[in-house]
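Chain IDs A, B and C follow the sequence of writing; residue 1 opens each chain.
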Amino acid sequence: MVLELQNITMQFGGVVAIDNLSFGVEAGQIYGLIGPNGAGKTTLFNIVTGNYIQTKGKVKFNHEELSGLKPNMIVQRGIARTFQNIRLFKSMSVLDNVLIGFHNQANYTYFESILRLPRYFLYEKKLKNDAMEILERFGIAKYANTNASSLSYGNQRKVEIARALATNPKLLLLDEPAAGMNPNETEDLSQIIKNIKDEYGLTILLIEHDMKFVNNMCDKVLVLDYGEEIFEGKPSEAIVDEKVVAAYLGDFKHA
Amino acid sequence: MKAIKLSFLAVAIVFVWFAQNHFDPYAVSILNNIAIFAILALSYNLINGVAGQFSLEPNGFVAIGAYVTALFLIPAETKLDMFALEDPTPFVLAMHTSFLPALIMSGVVASVLAFILSIPVFRVRGDYLAIVTLGFGFIIRIFAMNQPTMTNGALGLNDIPDNANLYWTGFTMIVTFVIMLNIIYSKYGRAMKAVRDDEDAATAMGINTFWIKTYAFMTSAFFEGVGGGLMASLLTTIAPDQFTFLLTFQLLIIIVLGGLGSMSGTILGAILVMGGTEWLRFLDQNMDIFGYNTGAHPGLRMVVFSILLVILMLFARRGLFGNKELTDIFRRNK
Amino acid sequence: MLKVKNLEVYYGVIAAVRGIDFEVKEGEIISLIGANGAGKTSTLGALLNSIKRKGEIVFGGYDTKNHKTHTLVQKGLALVPEGRRVFINLSVEENLRMGAFNNDENYEHLKDEMYKLFPRIEEKKAQMAGTLSGGEQQMLAIARALMSEPKLLMLDEPSLGLAPKIVGEVFETITRLRDEGITILLVEQNAYAALNISDRAYVLENGQIAMSGDAKELIGDDTIRQKYLGG
């Protein structure tokens, strides 16, 4: 197990957002987290990344407990995330946004940057190349010098993922990566995600409401409702599960 | 690109040299003033504009810098003569170095204090920095007033050796400017801007935001300390009253006018604000307009200056340079 | 109800919308579809005069050229913005109240309607909107726009972040609103669902209208199928 959650409970005031939940994600899997709005999916991400501290339970990453670590430390251990509500660095260029992801790989000190010593140039050049490469993968290299906030919504989502990838993660948490994309763009994105997964040897935990995307991407899904598990298994089985249909999918045929 | 930068640098250096040797003393004193305020505003802009941490500290650090340099420069006998209220402590008496180490010590002391302030302020989220630094400025001033054995109290210090001249102020300004740009265009500067734009997202990129804010704050404090040292040596007398909140406020005007986060804008802002208030001085005096004597209107200068500021800000909402640098503008045109 | 002629939107030198014409008649549901960056959001922004634009826009018989955004809202235009933009430091209920800013007399009644429509946000009515889940915020954004009882409702990707079941309900609601007399301009990435409930549609490509016509016909069109409906 790359990621293991044991008996996680999360309360906000009196409200129980996650209720004694346990599950595990295996290396190399694409694991889907689905469920109605407000079921606790994003909250679970926030617990894994250290943004929230769970009321009860343990999170283990590669068998080590994460509890108590600051979010930035957790990133350095190899867990990166994207935000559901797109949170790019708005005043900065797309390239700079991705370069921020490389922050901890730029191996020069404050004084080396002030004095412009060789290592500064060495790493800046290398990381700029790496960043451009990632942008090319997502088909947004032409926006490298554009201000991140002036991209369209769908392209901003791609920058979010590119930036997370730059932190060199082993586990990538994607919160609704396909939101704001049309079926063709979603299809392209699936391909990109599959490619980077193989190439970087990633494990992926993703939240998505686009069932076609989930079905096509995920090895396994967990369905949450009011913070509790109502289904775990193959996506193709989830789609026909009675409880899942009742709580989450409904009988509308729109998607 | 590199050629453009180097030629800017060369022009600036030649200008400083030329001005010191050929301008009249009045012009030189204005340039000195501009250079010192530019140094202070450049460093203030790093914490406030680039890192986006609203802070009101400069007057405190400038005061510290001024006192440290002054005490290092004034010879022991002069100190004994000067300290009228109480004798200086042996430690203060023993302080003595030449100008450059004195300036560096000013910077170091200021940035050590900045570090100490960082620990409580940046550990927790929230906008405590403004209020804490505001208080800090007051405390420093009260300290200067009430520690006659170290600061000669409200009487202040005078006969500070006048080592500073336009070479010192001008070159320090250039060095400060280059260092600030070097920081901005490095991973540290990027991280500072990231913290400004969205601290949670910065953390999610693996950035330790505590240290990034602390670096920015300590760097600001360092150059504010150095600027204070230059100011002390230039004025040759200092007293606690010089370092009130008004000084911070002036710097705030400069960086907002120039553009929060823009170092090039800050230099322009310093020139306009310091040069402008000087140039408008004629308004305070008697004027003959078509043979009609207007009489003296002290204060008119500041009224006109404020109106001009408002007009400028109306045309450039985000400051004259926004958050761009001169070099970005050249880059755009390529 | 709304007539647009030769609309252009520029960001600096970049053209986002390059001279489009379109029309929304009273009681219609019109869809605007197109790829990422095609100019859909920019078009809606231009209609509200919240970004600079050129061209002629006539809404309810008035040329909107010299109108500010807030007067357009008073005249019956409302937008569910992309990315929700709820007031994060206000409670759910306060957000609804802001939506009814010019419509105070109907506030209580409309609020109950909204809670009926989205029971999920009634459960959260005292919670700060910023701590709602993404989908809950989307529901709130839709409800907030409806609180002004607009004549023309513009929705920028309303299905974004909503659970499939709720998406279905939202599309049903849109149809019902139309039946109650509200005209709808809909931007959707879920083009199939959008076209299904629309009367007519316009397809934007690189800031220009590449195709337009009867929604049901567009669903059957091969290029549309390939480009926007995922084959």
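Quick note on the criterion: a residue touches a chain if its C-beta (ideal position, glycine included) is under 8 Å from a C-beta of that chain, and two chains touch if they have at least 3 such contacts.
Bear in mind that the values here come from a model prediction, so they are computed numbers and not experimental data.
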Please categorise the chain-chain contact pattern as a line, ring, star, complete graph or other.
line
Counting C-beta pairs in contact, which chain pair ranks first?
A-C
Would you identify the chain whose Cα-based centre sits farthest away from the centre of chain A?
B
Centre-to-centre distance between chain B and chain A (centres being mean Cα positions), rounded to whole Å:
43
Averaged over CA atoms, how far is the centre of chain B from the centre of chain C? Could you give it in whole Å?
50
Rounded to the nearest whole Å, what is the centre-to-centre distance of chain A and chain C, using the mean of the C-alpha atoms as each centre?
28
For chain C, residues that touch 2 or more chains besides their own:
none
Spell out the residues on chain B that touch chain A in their complex, using ranges where they run on.
179, 182-183, 186-191, 193-194, 196-198, 200-209, 215, 261, 323
Chain A to chain B touching residues, read off their complex:
49, 51, 70-72, 75-76, 80-81, 83, 87-92, 96, 99-104, 106, 108, 110, 113-116, 120, 123-124, 163-164, 166-167
Listed in rising order, the residues of chain A that touch chain C in the complex are 12, 35-39, 41-43, 84-86, 150-155, 175-176, 179-187, 209, 211-212, 247-252, 254-255
Under the stated contact criterion, what part of chain C meets chain A in this complex?
11, 33, 35-38, 41, 82-84, 120, 124, 131-139, 157, 160-169, 171-172, 189-193, 196, 226-231
